[in-house]
Each structure stands twice: as C-alpha cells, then as structure tokens.
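Okay, so subunit A shows up in both of these, paired with subunit B first and subunit C after.
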Partner chain A sequence: MRKTKISNKIIFISLTFLTLLLYWYGKEIANYFDSKWLVKYPKHYSFPFAIYTTTFVKWLINEANFLLFTFNDLTRLFAWIIEQPYKIVLAIFSKGILRGQGQDAIQIIEPLSWISVVGIFFTLALYTKDKFLIILVVLSIVYLAVFDQWQSSMITLSSIIIAVPIGVILGILFGILSYKSKILEKIITPILDLMQTVPVFAYLVPILVMFGFGPVSALIATIIYAMPPMVRTTLLALNNIDPQLKESGLMSGCTERQLMWKVLIPVSKPTLLIGVNQVIMLSLNMVIIASMIGAGGLGYDVLASLRRLDIGGGIESGIAIVVIAIALDRLSQSFANLPTLSKKTQLTFYNKYKKIIFLLLYIISIYILGYFFTFFKFFPNELMINTSLFWEELVKYININYFDNLESFKITLLTFFMLPIKKFFLGIPWPWFIFVLTIIGWYFGKFKLALLCLVMSIFIVTTGLWEKAMITLYLCGSSVIIASIIGIPLGVWAGLNDRANKILTAFIDTLQTLPSFVYLIPVVMLFRVGDFTAMIAVILYALAPAVRYTAHGVRNINSQIIEAALISGCSQRQLLFKIKLPLALPEILLGINQTIMLALSMLVITALVGTRDLGQEVYIGLTKADIGRGLVAGLCVAFISIIADRIIKAGSNKLKNKYGIK
Partner chain B sequence: MKILKNKFNILLSFIFILFAQNIYAVESKDPIKLTLHDWTGQLITTNIMAEVLKEAGYNVELVPADYIAQFAGLQTGDLHVAMEMWETTGRDAIDEYTADGRVVNVGTTGMDAIEEWWYPSYMKEKCPGLPNWEALNDCAEAFSTPETSPKGRYLGGPVTWGGYDDERVEALGLDWEVIHAGTDGALFGELESAYQRKAPIMLWVYAPHWAPSKYDGEFVEFPPYTTECYTDPSWGINKNAAYDCGKPRGPIWKVASSMLKDKWPGAYDAVEAFTLDSNEMGNLVAAVDLDGNTVEAVVAEWMANNKDRWGNWIK
Partner chain C sequence: MNKSPKLVCKNVWKLYGDKPKEFLQSHNYNPDKRIIEENGYIQAIRNATLEVYENEILVIMGLSGSGKSTLVRCMSRLVDPTVGEIFFENIDMGRLTKNELIEIRRHKMGMVFQHFALFPHRTVIENIAFPLEVQGINRAEREKSAMEIIDLVGLQGRENYFPKELSGGQQQRVGIGRSLAVKPELWFLDEPFSALDPLIRKEMQNEFLKIQNSLKKTIIFITHDFDEAIKLADRIIIMNEGRIVQIGSPEDLIMKPADDYVKEFTEDLPRERLLSVKSIMNNQKQPSNALTVYEDEKIFSILEKVLSEGSVSVIDRSNNIVGSLNRETVSRFINN
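Then we have the complex of A and B:
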C-alpha cells in the first residue's frame, strides 16, 4: 500500500517536470527533430466531421421518411402539439382571444390586465402564508409594470409557464425510466451530458429547420437545455430512498404503480424540488437565445437595447427576467414546503375554494372596471420609471474617471496571470497532452476513464480544432481559478452565517439569471474587447455554484463530528480549517466542477467579445448557417466538459472514501 | 355506362374548377410574415414595407428573428420576407439558402452599405494627415494601446463579417494590429467608451447606421476598391499582394421565401419594387436613435410624405 503511494508520487513529480520541460522547450525540440506536427496537428490529417454532419442533418430533414410520413412531418406534429397550450397561455396573458390572423385579427376578449396578474400572484402567495414572500411576489410583478416591461414580460412568462411543466414532467418520467432499467440509464446518461454541454447555438439551426420558426422552436430549445437536471435529481432521489421504506410499501400491498406514485415520489419531494428550481432557472437563462429564434419577449428587448447601446434599457429588461425568475422560484419552493394537507373532508366547497372564488370575482370586476377606466387595463405611462439615463451616466462616470486605474489592473492580471496560462496550454505538444490526460484518467478511474479521456481528446485533435480547444482551456481555466478564489471564501462565509447566506443567495440568483448580454457591453466599455473582458463575463456567470456548493458542504457536516471536535478543545479557527473545510472538500470539488460546466457554457457568449476559441467556432457555424461546423465544435466543447466532469467526480469520490463520508 | 361517364366528367370539371379557383382566386388572406432584427434601420425598412403591404390589402405579421437563423424559417416557408440582407455580412447565407430555390433574392433595397476604417474627428489633431491612409503609419503610435504598442490598434468587425482587414494591413505594410470585436454591440461599446474619454480609437464602422450621425468623425480613404484589387496581386501599390485597397461598397438585398411569389404574387412585386436611398435611411435612423422618436411615428410620417412613391410599388 505504502509502496504504491510513493511510486505514485514519483510518477506525479516526473510527469509535472516533463510537462514543464516540454512547455519551455517544446518548440525547440520539435524544430530539432524537424517534426512540426508535434506542436501543430497537420491540417491534411484532420477528418472532415463537419461536412459529414451537415450532409447527414440535411438528409434527415429533407429526405428521411418512415414509409407513411417523413421525419419532417413527425417533428412538425410534435411542434403543433406543444403549440396549442402555448397559444392558450399566451392569449390569457398577452394577446387576448383573437379572431382572424395578422393585423386583420379582432380582439374578442382582452388579455388579463396588470392588476389581475398581480391578483393572481398575490392569491398564489397567500396559500404559502409567508408574509415576506407575499410582499416579494407582489413587488416583483409591480416592478414589471412600473418599469414598462409589461408586454414583453407576459410573453416571456407565458413561454416559461409552458416550458417548465413540460421540462419537469418529462424529466421525472425519464428519471423513473432510468431508475427502473439499468440499460436505459446507460443510454440516457450520456445523452443528458450532451444536452447540458453542447452549446445551444450549435443546435439552434437544426431545431429551427425541424420545428419551424417561432416560439415553439424556442420552447423546444429551452426544454432541451433545462430538462437534464430534473432527470438527474429524480434518479438521485429515487436511488437514495431507504430500501426499508420500499419494502414496507410492498408489504402493505402496493402495486408497482402505487409504489412509485404514492410512496417513492412523495418521499423524494424535497430533492425533486431542487430539480424544479434548476429547471426554472435554466429556462430563464434561455430567454435571450430563445428570442433570437422568434420567441420575442424580454430577450428581444435586451438584444435590441444593446444594439442601440442603451445600457439602462438592457439592465431594466434584464432585471425583469431576474425578478420573474426569483418570484417563480421562491413561490415553487414554498409551495413544495407546505405541509401536505391531510384530507379534511368536512370543509365545505366554499371554504375549500374561497380564495379562488374571490380571485375570479376580482378578475371579472377588473375587466368591468377596465371598460371605464384605462388605469385598470394599462399601467399609466406617467407613473412609469425610466432609469436609462442613470445607468448611462454611471458607466460614463466610471469610464471617464477610473478607466486608467482599471486599465493598469487589467494589464497586471493579463501579464502575470493569464498570458502564462495561455502560453502553457498552447506550448505543450498535443501528443504529450493526451498522454498525460490519459494517465490522469487512469489514476482516478482506471481503465474506463483513461479510455474516455483518450478517445475524446483524439476526437478533438482529428477535427483540427486542437488549438482552439487549448484557448478554450486557457480561458476557462483562468476564469475557474479566479471564480474559485472569490467563490469558495464567500461560500464558507455563507455556510457559517445565516444572514450572509440569505444575502449571498439573492446575489447569486441574480447573477445567474441576469442575462450576460446585459453586463457585456459595460464591461467592454471599461476593459475593451479581448480575453480579459471575456474572462470577467465568465467569472460573473460561473461564480454561483462555487459559492452554493461550498456553503452547502460547510453547513451539512455531521454535527456529532463538530461536537467531538469542540469537546476535544478545538478553537473556532481550528474547527474551520482542520475539520469543516477538509470535510466539505468533496462538496467544494463538485462546486468547482459545476463552475467549470457553467464556464464552458458561457464560451459561446464570450465569442461575442472577440475570443478565438471553440465558442467562436460555434458562433461562426451559427452565423454562416453551417450546421456541421457548429455541431462539431459544440461536441468538442461537450467532450472537454465531460472529461473535466468525470475526472473531478472521480476525485471527489476518492476523497469521500478517504474521509469515510457517504 | 354513359351516365356513369357523364358523372365522371362532371366530377372532373368540378375538380378542375376547384383547382382553377385555387390558382386564380384573390390572393391569400393568410398573414405574410416579415422578420424584425435588432437594429433600427432594419426595423424601419420592415415597418415601411409592412405598412405598404397593408395599404394594398394584405394581411401582415411582424416576427422578431435572428439575422442568420431566420433563413431556416424562410426556407421552410414559416417566414416570408427579410428586408435587409447585407452583401457584406449576409453573402454566405444568401448563397447557401438560395441554392435550391426555396429562398429567393428579390433584388436590392437601393441602399448601399459603406464599411471602412473610421476615426473620431478629435483624432485629427493628433494625426493631421488623415483621412489619407498613408498617414496611418505615421500615427500608429497615437492609436496604440499597451497591448499593441508600438503598433496601432484597429478594432475590426466580428470574424464572420469578413472584410480582409488582416490581409489589408499586410498588403499595405501598415504598423497596425487588427483586433476582432465579436459583435456589433462590442464594437460600438468601445467607440462610446473612447468617445467619452476622447481617447484614441480606430475601428470598423458601417453605414447606414446611427453611429456616423451620433459621433463626429470620418472614414479613412484607402485606394478605391476594384475587383482586380481583391483578385489580382499585381494590381495596386503592392505588386505582390491582393487587398491593397479599401473595402467594396455592397448593396443591401431583400430576400424572400419562394412561397411569397406563389401565394402572394402581388406582394412579391411590391417587395421587389421597394427602394430607399442610403441618405434617406440615415436620416430616418437618426430620427429614431438620436431624436428619440418611435419607429412607428417615423414610419407613419414617411408614409404620409411619400404617397406617390409607395403608391407605385403596389400598382
């Protein structure tokens, strides 16, 4: 045992040493042997994956058929099915009930007015009996009206109202399926990985062609992106259920179906809720991209105001997205935490549905009032607030007075931190990189992981995208390092202090749902176009899980261990550094893992500030409508994140075993 | 038997009438879908077109869509008209999708896009030789930043816009470094920032756009573009390299789904007849972005003042 440890150490040290050597002298060595292919993979050996993919997708869309119907008919049918409930919800919240199409349409019944929507959310919040929540929800909805975001918000809200339930239901179903059958689990898991890691831009064009242009495609893209966490949490929750519970269910004569829906699912509700929360958050993350393919709404407003350099307008619409996200999230959380009502049959119909009856009466009276006073129909223009000027002046003030300070800060960080990392990744010959990666895979996960690392990295090399992949690693790497340096201490603080936790959670939720487009332009104005700007955008977005997981890890340490430590005379400081942090380490690692995933998913957006990485490649694929190019680059991004994910998870498990935590 | 044959004939003629009606009936009242993008000029052209089609009795719907992603919709007939496809940025997509005839090029809008190196007027003090391109080398240092020093920094458009700026710098022997902004927003964000501080900046600006009306400045004058310049190395100042000249000025095209012509031939003709000129467009854009009018108001005013012109489009 001891021997292997020592030999591991020797291997580790010699590998590091060799890597550094190759990094410094890689070019010279390659020149000496006159073999440039070591540093740069020769172009004519790369395999034209992109062209084959394009051809295949085109065939699928234009020609594939299953005797009775074509592939295209199938996807269109699917789109039609999703479109129907969406149309109903949209009519209620935004468009009203119309007869006819286009500008010929006549509005028969008007959509709900802003006051009615406030009423609906107020009633929903009433059920939770949480005063703070009621105020929060009402204020959120009023914000939308006061800041003139009403029209767009209702379009966005309608699409969320459709996307989230579909995502949750499908997620639970797939979760149950993969719980029941190991084979299905094996098939579903890699698909989930791809769904989460292939950048949305990469599959946007194929989706458009398959499902038609418009809100439905946007909904489908949203569901694809937002569903995986639901499947995973469902599976996790079901697997973690105490087997005794299952047995007692069976003993009391449950059928298979009853066991699932009456015992297992209700028991795992708390975990499932985490999944629901993620689905809501991720759906709202997609608002901007959805607006590019015809969903309209708040995302379109954000894009349009950036085009005009109207920073304030972008921020207002962006915050509207945050506000919807937080209101929906908190509502769904507290609904879930409500004690399950024991059936009180003695309640009369009136008592049971009191609130709903009041709400209906309220909405009808608002409709009637709306005929007489426009106030009840539309929020009056005079009362609206516009903060555009304030934001513009703020950025201008910082720009004029602090630009030079920011510039010197940027240059320092660039020269001493980012550039060395960049040189490192670009300098190592690719065969050596793959070799080391495979060894690391072997160390953490034996044969399976080593094979995975090997195959995936060889795929990246043969697509001819190695250099771009290395720039991707460099950008993500530097961002993740800084995000961890900022995020982990914040997480520890949140884990130790309840009030800090509350504030930080709100802060992180905001960062995660505020579309990055909103802060991209001010950041460009202060730091110019380039890698540094991209890094800031990535850090802001990817910070959240580092904080969240760390806090969770520090908080959930077994209280007996802490008591034992206190009894044996630990100081608070010792308690933190010797007990809490090491024990939270596996959880922290998972947080970093998630940070990496988010950082990679931001890459496409940083392409907008001029990076030259895989994200740019995906973006070029999109703007040139080159389906294959986008998908192949997207796959490379996916493979990088899958490799990172597997290695870190294996590492985290190793640590858990070491500390004996389950 | 005869009766049967007669019946068959009647049936046939019925079918024929049905079809004939489909062909010659009044054009469909289904909505024609025009796409909206996220820049003001395009919103204006599209809204004008929509208003004109409405006047002609068509049913029109405006759909927000991405500049390139919309092609998927045009191809399948989910969308029908896109009013602005720039030669400079949309060429690849036009070629790709018009190849099989499901998307058609409906001709130019009459507007020409200008794209060139541009600098704010206050830089003229530091570099009096401008706008002549030969002054660029003398003032490279004045336009440099710590990252590019001593070379000048030129902020080019997104890689996808093409433009051959890297080649241009090489061919004309300029001591400049080309940095690519990833998007329109980043490009003008930097300009706004530099303009506020009166800091040096040289970047890719295009017109019609609000920027040349908002900021005071000029385009650099390169040797004028010819086709030979891009194709023939021996042309121009540098005998060994192509691209030793300025950028071409390209038309802005209109594209439509092939469905438009089949289903609404009259509307197709109207779209084809639509023209505006670049200066006119510049003024309309400025009226929205700089004077703070709404797109709808500006379009309504244009419609009122130009009855004759658009009347001719829908004749």
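Then we have the complex of A and C:
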C-alpha cells in the first residue's frame, strides 16, 4: 500500500516536471529534431469530418428515402404537428384570430388582453396559496405591460407554452421506455450525454436546414435542448421507487400499463415536477439563442439590440426575460412542493372548479369591457415607462467615470493571469498532452476511462481543431479557477453560517434563473469585446454550483464526526481545515465539475463577443449555415466536457470510497 | 384442520446472477454453497420443498438475508424461481400466462408489506379500493366494499386521509385492508408488524388473530420475532442461508431442534410457558396417583404442584392416564 503511494507521487511529480519542461522548450526540441508536427498537428493529416458530415446531412435531407416516405416528409410532418398547437396558442396570446392574408388580414377576435393574462397567472398562483408568490407573479406580468414589452413577451410566452409540454411529454415517454428496456437505456444515456454537452449552436444549423428559418425551428431546437433532463429525471424517479410499492401494485392485480400509469408515474410525481421546472428553465434559457433561427419575441429583441449596439433596448428586453424566468421558476417550484392534504369531504363540481369558472367569467367580462374602454384591451401608452434611456445614460456614466479603473483591472488580469495560462495550453506539444491525459484517465478510471480520454482527444487532434480546443481549455480553465477562488470560500461561509446560507442561496437561485445570454449584456457594456469579457461572463454564469456544492458538502458532514473532533480539542479553525474541508472535498469536486460544465456551455455563447476558440468555430458554422463545421466543433466541445466530467467524477468517487462516505 | 395443501413448492431454487439456470444445470442441480458464491451468484433459496395447508397460519422465520422474502415472492410469482415448481390449488404457476397470473392476483391472493407500501397519492379509501379499481369495478361498488373493509380493520372516519397523515399502526391497517379487498384465499404477510412499536405490535397481532378467526384464510406470515411466531403459528418454517432447516409446530422446534441454528433460535424462550406437559412427560403409566395434571396444560402452570408433590399422573381430556411426571424431570427441564 505504502509503496504504491510513493511511486504514484513520483510519477505525478515527474509528469508535472516533464510537462513544464516541454512547455518551455517544446518548440526548441521540435525544431532541433526538425519535426514541427510535434507542436502543430499537420493540416494535411487532418480528417475532413466536417465535409463528410455536411454531405451526410445533405443527403439525408435531399435524398434519404424510407420506401414509403422521404426523410423530408418526416421532418415536414414533425414541423406540422408542432406548428398547429403553436398557432393556436399564438392566436390566443398574441395575434388574435385573423381573416385574410398578410397585410390585409383583419383581426376578427382579439388576443387576450393584458388584464386577462394577469388574471390567468393570478389564478395559477392562487393554487399555491402562497401570498408572496401571488404578488410576485402578478407584479411580473404587470411589469411586462408597464415597461412596454407586452407584444414580444407574449410571443416568447407562447413558445414556452408549447415547448414545455412537448418537452415534458417526450421526456417522460423516453424515460419510461428506457426504464422498461435495459438495452434502450444503454442507447439513450450516451445520446443524452451528447445532447447535454454538444453546444446548442452546433445543432441549430441542421435544424435550420431541415425545418427552415422560423418559429417552428426555434421550437424544435428548444425542445431538443430542454428535454434531456426530463428523460433523466423520469428514469431516476422510476428507478428510485420503493420496490415494495411496485410489488404492492402487482399484487393488487395491476396489468403492466396500470402499474405504470396508476402507480409508478403518480408516485414519481414530486420528482417529475422538479424535472418540469428544469424544462421550463432550459426553455427560457433558449429564448435568445432560438431567436437566431427565427423565434422572434423577446429573444429577437435582445439579439437585435446587441447587434445595433442599442444598450438600453438590450437591457430592457433582457430584464423582461429575467422577469418571466423568475415568475415561471417560482411558480413551477411551488407547484412541485404543493402538499397533498386530506379531502375530509367530497368536493362538488362547483367547489372543485370554482377558480377556473371564475377565471373564464373574468376573461369574458374583460372582453366585453374591452369594447367600451381601451384600457381593458391595451395598456395605455401614457402610463408606460421607457427605461432604455436610463440604462444608456448609466452605462455612459460608468464608462466615462470608471473607464480607467475598469481598463487597468482588465489589463492586469489579462497579462498576469490569462496570458500565462493561454501560453501554457498552446505551448504543450499535443502528443504529450494526449499522453498525460490518458495516464490521468488510467489513474482514476483504469482502462475504460483511459481509452475514452485517448479516443476523444485523438478525435479532436484529427479534426484539425487542436489549437482552438486549447484556447477553449484556457478560457474555461481561467474562468473555472476564478469561479472556484470566489465560489468555494463563499460556499464554506454559507456552510458554516445559517444567515449567510440564506442570503447566498437566494442570490444564487436568482443567478441560476437568468438565461445564460443575459450575462453577456452588462459585461459587454463594461468591457466591450474580447477574451476578458468572455471570461467575466462565464464566471458569472458558472459560479453558482461551486458555491452550492461546497456549502452542501460542508453542511452535510455527519454531526457525530464533528462532535468527535470537538471532544478531541479542535479549535474552530482546525475543525474547518482538518475535518470539514477534507471531508467536503468530494462534494466540492463535484461542484467544480458542474462549474466546468456550465463554463463550457457558456463559452460557446461568448463566441458572440469575439473569442477565438471552438465556440467561435461553432458560431461560424451557424452564421455560414455550414452544418459539418458547426457539428464537428460542437462535438469537440462535447468531448472536452465529457472527459472533464468523467475524470472529476471518478476522482470524487475515489475519494468518497476512501473515506467510506456515500 | 383440513390437511389438503393449498400451495406446494417442489425443489425451488433461486439464484441471483447472470444466467443462473444454466449454471444450476451444469452443476447437476446441486452445487455447493461455496461453488455458488465463487461463481459470483447469490443463493437466495436453496432447494425448498414445502406444503401450505388450507386455513393454516404458516410462519416463516430466519435471520436477515435467509431468503424468507424471496421464498414468499416466489410463491406469489413476484419473483420467478430459477428452477422448481410451485402449485397453487394444483395449478402449476410456472405455466400461467401473464393474464392468468393477473387474474389469480385479482381474486385469490393478497399481500401485506413490511414498510406498508401504501400509495402516497391516494387516500385511505382509494388505497383499499385500488385492487378493485384495477379490475374495472365501478366507483360506487368498490367504495362500498372498501367501506366494509375499513370497518373490519378499524379505520372508520379516516377514509379520506392520506397515508402520511396516519400513524404507523394505522398505515399498516390500510395495508392489511388493501390486501383483503379482493377477499383473497391465500394471504401473504411479509414482516407486517416489524416496523411498529412493541405495544402497537401486540395490539395489531391480536387484531390480526381476530380477523383470521372470522375470515379463515390460508396465511403465510414472515417474522423475525419468535414470540410473534409462537403466538400466531400453526406451523413454523425455519430458514437459514436459503435452506429450509425445519418445518414443524412450535413445540417440535423447541423439543426437537433439527440443528444448532434452530436451537439458538429457541434457546432464550420462556419454554415453560410455551410447552405443554405432554412434551416432557414420562410415558410409563404409573398406577394412579392422587394428583393428576392434563397433558395439554402448559408446564409453568403445574410447576408448583409437581415440585411439592414429587410425582403426578398425566391424563388426557377424557381422563385416561397417558403418562407421569416427577420432580427430577421437571427440575432438569427448568435448569437446562
């Protein structure tokens, strides 16, 4: 035992040393042996994955034929199925019912007025019986009207109303299928891994090509993006059901279908509702991104403002998205936590549906009132508040007064922190990097993990994207380091102090409800474009899990262990550094892992502020509608995150096993 | 007691692991426990053969992991035995189709679980009516039947509560009620009272006996607790590491334990309270003594008499002398 420990240490030290050596002298060595390929993977050896992918997708769309129908028919059918309910919802919330085409169309029935929508959300919130929530939700909806975001908000809301149920239903169905068949589970799990790690931008292009520019494409992208957690949640919930409960269903004489729909699914409902909440949040996260392929609504407003450099407008629409996100998040969370209480008496029809009946009457009367007073139809223009000027002035003010401070802060961090890291990643010869990575994989996960590391990193090299991948690593690495430096101490603080925990949790919950894109807006205002801006946005977005997991790890240490330490005479400080932190380490590692995952997904979005990493490659693929280019670069990003994820999880498990904690 | 078997298990094996059937076949259907484990299998049931008689209470006992639950689940076909046959009312359960099995469960079997396994999203009455609901019986009718059962298990007034609003004892009453909803003939109870406090457990045992007295079902009852077993059982099965070690009446187990394992189980019991005179008496019919005791009296009730008198005659209920008992026998019995 001792012996292997020492030799591990020696290997570790010598690997580090060699790595540093190669980083400093790699170029010289390569030059000396006249083998430049060591530092730079030769272009003519790279495998044209991108071109093949493009060809394949094109073939799929134009020629693929399944005897009775073509692939194209299939995509059209999907599009049609999704389009129908979307049209209806859009008519209800935004467009009204029209007669005629295009410009000449006349509205014969108007969409729900803002007062009616407030009523709907008020009624929904009533079910939670949470006064604070009711006020929050109503204020949020009123906000949209007062701040002149109504039209766009309703378009966005309509797409959420369609995307979420479809995502949830498909997610539950796939979850059930993979629960029932081990083989299917084995197929679906890696697909889910890819769906969750391949950056969204990468599959926007194929969707665009298959379904055309427009809201339907946007919906499909949203559903693909938001569904995986629902599949996982469903599978997890079903697998965690007490086996006795299942047996009691069987012994009651259930058929397989009855068992599923009368026992397993209802029993899993609390967990499934958490999944629904996630689907909602992810759908909202897609709002801005989906507008790149035609979603319209608030997302489009943000994007357009950013392109025009219309700071105020961008912030206004961004805040509207945030408001919707917070309202929907809290609403769906409290539905998930709704207690079931005994029905001491049987409810009559009226009592059961009282709220809905009132709501319908309310909406009808608002309609009628709308004919007489426009106030009930439209929120009056005179009362609207326009904040875009205010935001613009604010940013101007900051930039005039603090420009020097911000700039010197930026330059300091760039020169002394980011650049060295960048040089490090770009300097190491790729064969050595792959070698070390494989060894690390071996150390933590034996053959399987080593193979995974090897194959995936070789894929990245042969695509010819190695350099871009290294830039991705550097950006991701710097962000994660800073996020950890900020996040872990905050987490420790929250773990030790109840008050801090409450405040930080509230703060982090809010941070996490914000769609990733929103983080870009203020950062661009302050730091303009470039790597630094990207890093700050990534840090903000990826900070939350570092704090949350650390707090959880510190908090959840067995209290008997702590008592034992105190009896042994530990001071508070010793307790923290000798007991709590080491024991929380596996959990902290998982937090860092989550931070890395979020950082990578955010990095792709920061391509918009001019990074030169894989994200940029994906984004170029999107703007040039080059399917292969985007997908292959996206796959590289996915592989990086899968490698990081597996290694860190294996490390965390290794530690947990060592300490014997579950 | 009617001695016709309701359920028969013949050479039932259950191994957990990959392809256990082939493994058993290649080892002549009789591999050593050691060989089983070396090959990475878990032996849950090993060659179990038994009969369950109509209207008896058969109690299965054994340490944790000895295979009690697995055996019962094989009988109800929640678990498929690896090899072996199980006959329920002379029907080979292994040959039943899915639907036939569902039919049997819908009309002839009921099961109570250790941790109650109530459906948390259903009220008491909905839980109890559930087996009727899945049969497609209409609401009014099934709620009427369910109400009768609620009366039977003593849950009047709680029918619209959710499980989590009930105490442990009340929850298990719901579990019992649900398993009785289809009026089963064969009733499985897997450690139904283990999760309850001792006082409540006692109350529930009495309640259980009361229900059995009025319903007369064939019962297979698992427990850890020998006191509980003695109180309820007509016969007891002792299991150890998947094997059935002994089947017999409580007295058989105490007087003639098949091996040390059974002996250990019965050692700490207050035997004078459990055994009757018959089990220790002398078969020589000594000429009538002035003092007599009945053969089915428990030993503790005649202790004083024998110890003070020195020797007594044992008679059966029709006053025939069947044996005798003296001070030495009794004191030896008490002291070991």
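Methods note: the second predicted complex is superposed on the first by the 547 of 662 C-alpha atoms of A that agree within 3 Å, B and C clash if a C-alpha of one lies under 4 Å from a C-alpha of the other, contacts with A are read in each partner's own complex, and residues count from 1 in each chain.
In the analysis below, a contact is a pair of C-beta atoms (placed from the backbone, for glycine too) under 8 Å apart; a residue touches a chain by one contact, two chains touch by 3 or more.
Just so it is clear, the structure is predicted and the values come from calculations on it, not from any experiment.
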item: Touching partner for A:I521 - first (subunit B), second (subunit C), both, neither; value: first
item: Which superposed partner A:E563 touches (first subunit B, second subunit C, both, neither); value: neither
item: Greater subunit A contact set [subunit C / subunit B]; value: B
item: Subunit B versus subunit C as contact partner of A:V263, first or second or both or neither; value: second
item: Contacts of A:D242 with subunit B and subunit C, given as first, second, both or neither; value: second
item: Which of subunit B and subunit C A:M251 touches, first, second, both or neither; value: second
item: Which superposed partner A:R308 touches (first subunit B, second subunit C, both, neither); value: first
item: Subunit A-facing residues of subunit B, complex; value: 29-32, 38-40, 54, 59-61, 63-73, 75-76, 78-79, 92-93, 96-97, 145-147, 155, 158-160, 179-190, 192-193, 196-197, 199, 210, 289
item: Contacting residues of subunit A [partner subunit B, same complex]; value: 101-104, 204-205, 208-209, 212-214, 291-294, 296, 300, 303-304, 306-309, 396, 399-400, 403, 407, 411, 414, 517, 520-522, 524-526, 528-530, 606-612, 616, 619-620, 622-626
item: Residues on subunit A engaged by subunit C in the complex (per definition of touch); value: 242, 244-245, 247-256, 258, 262-263, 266-267, 269, 340-346
item: Residue numbers on subunit C that touch subunit A, as the complex places them; value: 73, 76, 78, 98, 102-103, 105-107, 109-111, 113-115, 117-123, 130-131, 133-135, 160-162, 165, 175, 178-179, 181-182, 188
